[in-house]
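Below are two complexes that have subunit A in common, paired first with subunit B and then with subunit C.
Now for the complex of A and B:
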């Protein structure tokens, strides 16, 4: 078997595997285009004969998706801002030094990274209600998400800072820069890409966050899309085309960002999780 | 004063400031809740004492009461099944895919990365899609199983007590397989090629090479990935909320969902905190294993 035939064969198998694996995603998109009766047809059609594009507009209006998406965006942007501002410096220091204190700090951060949100929400909710933070529900969720996701960000960004040669910073110091100057003019620009990719990963997480929002935000006008989707799915619902349209509108921006930046996101993720 | 400012811009103070602020934030927002959780598990908490810090101290009676409930052990057993089956499925499928994509062909790395969409999607969306695909009468999974002759009648995945947990496991395996695959690919690509060439020259066949080179060389990656899998499956909440809500009759309930359900559905915060403490101890144990298996890398 020649090299090209082998490559083509492998590619064909890989495409089939990807198609099988991504079938749930395809099924989500295809369901949104079906009418109420086509959805419950037996056998189900795997290609819509009569695509119903109006479902999107209908769901957008009737479920008030603009508000849900806006809240998701506010929460995600807020959490990413807090995490990036606080986490970047922390990651830098933890990457620059090697001593017992750094090991202890890293260990604590790795420990905090693993606490499940659904278990931490009980004390967070009670504590927040006691200090009155529940009156600002979106802010409370932003803080809770920031505390949950920051360790992950620190671990990822630390890997980036480790790859910035220390000699460059030392050279800047010799040339008369202060530590602050060297950090902002030399180290940060060099680590920019890694920080950006990590921030995007955090953004995706925060955009899809559910437990904290569901528990903390009672008022429907402050709820993000994840909570909206959850309350749309009643136990005996049969509006699956509308629910899938909701899910599609919610998830497509994330998927678009991911497909565009796929290579960078994957390499950023793997450098942090294993190294 | 000047000395402090110059230290902040140009000395130790700069580093300490950078690291103290985030660590302080983490301590306030993660560390304190953790301790508060332990405290609450020893207290009597109800809707009236929710707002005050002084509550009756009840010792271990929350723990005793918890383990005398009839549903406690079945739910912990469900948690064990959920974790074991999810990790086994994710790891086996992920390893298979990683080995497949390890063979280099044009487009391999791009296609491999595409699999990760299952992992970046919001858990609620994954849950919604699987909920629809697994629905009893009109679900596409039942249709495919029927057509291929595996089942004769429809399976009611979400409402049949013997299938409800497996419905969530199925969705969770789908969600986590790609992440396992990506991390295992990294481990595979770090094995030096000349080891395989040498083994091939010595006449080792594919299986022998797999058992004597690939597996031993992957040992630390596998340890890290399995413990990461344990951490991630114990964090899984969204799929339960989206597919079964723990029902029917707790048949698909697991500890991490139960803790939330007790606190926020039944307003029994003390009981919720008690389960949280027990589970967090488990997760901590898993993360120590994880940190140990990546220790060389963490130290650099």
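Now for the complex of A and C:
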């Protein structure tokens, strides 16, 4: 088998696998455009003959999607802000100091990441209810998500900081800067890419978060889109086109961000900030 | 002569590890001082302590008449050139040069003028708007130097600045750094593990081992009168030959053990029966005319560089000879050798300290 044929075969396999993997996404988009009867037609059609664009407007209005999306955005932005502010400092310290306590700290941080959200939610719920945090349900979810996603962020950003040579900081100190000044002038700009990428990943995670939001937020007006989508689906649901439209509106912005930034995300994760 | 940097009784501990032991060193204004020693000897720690990047555990550190023990690096007014150059990757050459000025609040126009001036003297003018990643190793080295020069500091600290350059460029930069030092009338402390760099560049060489200053002085003094076997072996290239020997019963001859005993005369008498180590520099061993040889050495291998013939002998311990010119020798030959008894270095076999006060 020649090199070209083998490459073509590989490409074909990759395309088939990608098609299988992406089919649900395709099915989601296509279903939103179908009418009620077209949805249940046998055999199913893979291209809508009569696209129903009005479904989007209908779902947006009837399900109060603006509110759900707003709540998702508040929770995601809040969690990313908390994590970025606290996690960056934490990651820097863990990157620059090496001793037994730091190793213990890193181990505990990694342990946190191992525990699943569905396990953590019960103690978190009880604890938050004791200190009255459940009266501010979105804040409570932000804190819970921050605690959950922090280890991921710290581990990634720590690696970024470690790729910034200590000598650069020392050069800045000798050049007349203070420790804090050297951090903000030299280290932070060089670690910016890594921090940004980690923050985007955290944002996407927090935007789709479900377990904590579902358990902690009882009031409908504070629920994010993930919970809204879940409550849309009942045992006897048959309005799949509306549900799919909800899902489409929910995930398309995240997908768009990911597609636009994927090159930077991949390079930011695999290489350090420096050359 | 005013002292620019003075260290007295400086000690440094990392936990239980004693990194610097009772360092006494004074560096006069305008001097070029080289700290040299094998890796782990504490030379870099000493330099970093001067810069304020490490704190000293005890002793006094005085820079330009001011006690600087606990003072942070930014208030010491010293400039440092790092081994990796430590150029700020996100800044252009010009921004790298002016960084220290901008922190001090120097006006933009003034800083730019200073950068232009320094760049003109170091040949960086056309590179001012490049980023460090777009420069060659030699150019980066120049930027690192220029970044130090622009500040007009109390002293320059160099941490093995040439070790990342190729051999030819290293020899060239050696001269250039020394010329720069002389032109600026600067005070420089230069850390290197390469004794040739130390010997050729410095006015004052400090040889360190295990956190201790073994010897300091003018380069040729160290070469001519090393205080102990370590300094003798460290200074000079190729390294000095060491041979165990015993002082003869008359106190004036040495019985040298080179696989078999050979007797040579000393310049000055020593206590009879004393065990010593004889140090012989390769360049002091000369080919002898017939009948005047002091030693007959069997040849193990011969390397000819064109200008000189390097011979390794088949003795135990083996000796290195550097003979001028091209000498037709092949392994299994025996080479007759002579030397000036004044060039013998004698060290006590036990303490390894120099025996003859030369």
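Keep this in mind: the second predicted complex is superposed on the first by the 252 of 275 C-alpha atoms of A that agree within 3 Å, B and C clash if a C-alpha of one lies under 4 Å from a C-alpha of the other, contacts with A are read in each partner's own complex, and residues count from 1 in each chain.
Just so it is clear, contacts are C-beta pairs under 8 Å (C-beta built on N, C-alpha and C of every residue); 3 or more make two chains touch, one makes a residue touch a chain.
Note that the structure is a prediction, hence the values are computed from the model and not measured.
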Discussion item. Following the superposition defined at the top, how do subunit B and subunit C come out on subunit A, clash or fit?
Written reply: fit
Worksheet item: In the superposed arrangement, which partner chain does A:165 touch: subunit B (first), subunit C (second), both, or neither?
Response: second
Worksheet item: A:104 contacts which: subunit B (first), subunit C (second), both, neither?
Response: neither
Discussion item. If we overlay the two complexes on their shared chain A, which of subunit B and subunit C does A:260 touch? Say first, second, both or neither.
Written reply: neither
Practice prompt. Between the centres of subunit B and subunit C, viewed from subunit A's Cα centre, what angle do you get? Round it to the nearest 10 degrees, please.
Written response: 90
Worksheet item: A:190 contacts which: subunit B (first), subunit C (second), both, neither?
Response: second
Worksheet item: Residues of subunit A touched: more by subunit B or subunit C?
Response: B
Discussion item. Contacts for A:125 in the overlay, against subunit B (first) and subunit C (second): which applies, first, second, both or neither?
Written reply: first
Worksheet item: Once the shared chain is lined up, is A:174 touching subunit B (first), subunit C (second), both, or neither of them?
Response: second
Item to complete: May I ask you to decide whether A:220 touches subunit B, subunit C, both, or neither, giving the answer as first, second, both or neither?
Response: neither
Discussion item. Looking at A:16 after the superposition, I want to know if it touches subunit B, subunit C, both of them or none. Which is it: first, second, both, neither?
Written reply: neither
Fill in: Overlay on chain A, subunit C to subunit B nearest C-alpha distance, Å
8
Worksheet item: Which parts of subunit A are in contact with subunit B and also with subunit C?
Response: 178, 274-275
Worksheet item: Within the complex, which stretch of subunit A touches subunit C?
Response: 165, 167-168, 170-178, 181, 186, 189-190, 274-275
Worksheet item: What residues of subunit A sit close enough to touch subunit B in their complex?
Response: 6-7, 10-11, 13-15, 17-18, 21-22, 24-25, 27-28, 31, 39-40, 42-44, 86-87, 89-90, 92-94, 96-98, 103, 105-127, 129-130, 143-144, 146-148, 150-151, 154, 162, 178-180, 183, 201, 204, 207-211, 214-215, 226, 229-230, 233, 235, 240, 243-244, 246-247, 250-251, 254-255, 258-259, 262-263, 265-266, 269-270, 273-275
Item to complete: Show which residues of subunit B lie in contact with subunit A when the two form their complex.
Response: 9-11, 14-15, 17-19, 21-23, 25-26, 29-34, 36-37, 40, 45, 50-53, 97, 100-101, 103, 105-111, 113-118, 120-126, 128-133, 135, 137-138, 140, 143, 147, 174, 177-178, 182-183, 185-187, 221, 224, 228, 231, 234-235, 237-238, 241-242, 245, 256-257, 259-260, 263-264, 269, 272-273, 275-276, 279-280, 283-284, 286-287, 290-291, 294, 297-300
Worksheet item: Any idea which subunit C residues touch subunit A in the complex?
Response: 51-53, 72-74, 76, 78-80, 82-84, 86, 88-90, 99-100, 103-104, 133, 147, 151, 157
